[in-house]
């Protein structure tokens, strides 16, 4: 641990807050990514299932 | 083969899938090396003491906060002119990242300013500009969320981004005019001038800068893929409603 | 075009609403600030330019959403978009009508409120002039924000969030003119910049606003 | 000058609802649009009026020849009947609202505020706007809503005069207007099959 002297609070708080915010945005982006992917896979599966049933809506190739 | 091929959403997702496994660790690596180096292995500044270490977060975040808006402007213009949906979605994906960088720059700046300038907040031109930038980001994100039809939302936010950029530039000069300011100028590109950046800080800062640029790119790529999938999802759901 | 202007003015006068509301709000600000800040004349004189400009700006903001929202709801905007006059002209005229109804009364009322706030003698002329030059810009910028949010059900708050950052340059230069004028300093530079922003907004923003309206109508 | 639609596809909320629509409308002709609710009659009319872009296809019409009559009449409730109509006449650069007032049986109501009109009277005022627009092609979206039998007959008369004077009309309606000469265009065959999605760029085929 480096010697921060009287500025310990400012430096530690900066790194704490900065890293927390970075972590938050990374977590948010990754969480949204996972959720969107899961929802889309489910929807494509529904689409494919209906196309297999001979429903008139044609899926233009299953994609996730 | 033209660059516009990557404007095809499917191709974009495939390419992003290939780039990200390299880009994400690289970004994290640069950032980690830069921050660890900066935090543990740099000397104290003769004027600023240990608070100089805050620079390794503050400067890259501030730089990317502005550049992110610039990227959104370019992406919005591409959308407005060439109608590539991926471009509009990339602008949308960049906004929360840019907002976070702006927040980091403001928070670390306030924490640095308290011991150095003796105040958490100063109505200095740079600080004020960043506060205004924060408002622009908030308005942009709010408009995206408020408009239901995705194409309408893309058009309106694109327009807001272009008009907002002009006014952001005007604000920057207005604010400079209004208060001359305490904030020091950027020194990183001023090698050879007086009062340059100490070489002891140079390399860790470079690492942090590269790291944050790569991290921004990675987050925008991930976010854009997310937005593309949400668009496709919305289309599938619209079709289901139509058939029902 | 003139028919549209006359109609908008007539609507504003008959429906009451926006006409008196902005003015009343402006008055409220000028009364409440001394109550909050304290009665010392020197303090008030110091903050008067800023308070008057902020008050005028917020009063302007109050009635922005009425520029297009009513015409959007009753279908007039659809019909105007298919009418032989260009939508850009419609936007410019409606922004001008908004200025006549809200901006101009603010300009006229400002000297009276300046008295309440102990504005120094030298500042009155510059106050009126800066508001006269600045408020048309506020209406044009506001019309852009109103055009962006016209299709939204609760667009009022969003409209404020979008428009306020766009108002920053006008506010800074406008208040600077009054501050310098009141202190007896040279005001040419901020005055010219203020006029420049207003002219630029009047010239360019109707195109952006009309585009936003077309996007919202389709 | 004809009003011609070729291979038109229109979208609502990003989803294609009608495709392959073809129609030619000559002066003196009227066409009634039919189709179930939600098939896209309003969307088609808005696209033809130029309020929203077509997905595909072409619309050929003489410039500034279309008058669009929407669900909403675009009336201001605090203005009188005369003021409302005079405004639209001024916008369209025509003069003399008197014939339109008389024709739509509104002459006695001229000084009444639109707020105090009944729904049917408002509708008549909205239709009077078409007369003062001076434009030949009328695109009407359910023009007879809230009109009583007498008013429907009045409107049919007005329409017949308009056709006789070289005008034309495209009308989405469910009731019988009593216009035997009008052609009927059933939109059901043009209903878009699922899977065709709104797109205006080459990169959108997959969306």
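Order of writing sets the labels: A, B, C and D. Residues in every chain begin at 1.
Keep this in mind: a residue touches a chain if its C-beta (ideal position, glycine included) is under 8 Å from a C-beta of that chain, and two chains touch if they have at least 3 such contacts.
Bear in mind the structure is a predicted one, so any value in this text is a computation, not a measurement.
Looking at which two chains touch through the most C-beta pairs, you get A-B. Centroid distances built from C-alpha atoms place A farthest away from subunit C. Distance between chain centres (mean CA atoms), subunit B to subunit C: 32 Å.
Note: centroid distance subunit C to subunit D, computed from Cα atoms, is 37 Å. Subunit A and subunit C, compared by their mean Cα positions, are separated by 42 Å. Between the Cα centres of subunit A and subunit D there is a gap of 47 Å. Among the residues of subunit B, those touching two or more other chains are numbered 10, 232, 239, 243. Shared interface positions of subunit D, i.e. residues touching 2 or more other chains, are given as 194-195, 206. Residue positions of subunit A with contacts to 2 or more other chains are 56-57, 63. Subunit A makes touch with subunit B in their complex at residues 1-8, 10-11, 13-15, 17-19, 21-22, 24-26, 28-30, 32-33, 36-37, 39-40, 43-44, 46-47, 55-57, 63-64.
The touching residues of subunit D, when paired with subunit C in their complex, are 46, 49-53, 64, 66-68, 70-76, 78-79, 83, 86-88, 90-93, 129.
Residues of subunit C touching subunit B in their complex: 141, 144, 148-149, 151-152, 155, 158, 161-162, 164-166, 168-169, 172-173, 176, 189-190, 193, 197, 205, 208, 211-212, 215-216, 218. Looking at the complex, you find that subunit B touches subunit C at residues 132, 135-136, 138-139, 142-143, 146-147, 152, 155-156, 159-160, 162-164, 167-168, 170-171, 173-175, 177-178. On subunit D, the positions that touch subunit B within their shared complex are 13-15, 17, 194-195, 197-198, 200-204, 206-207.
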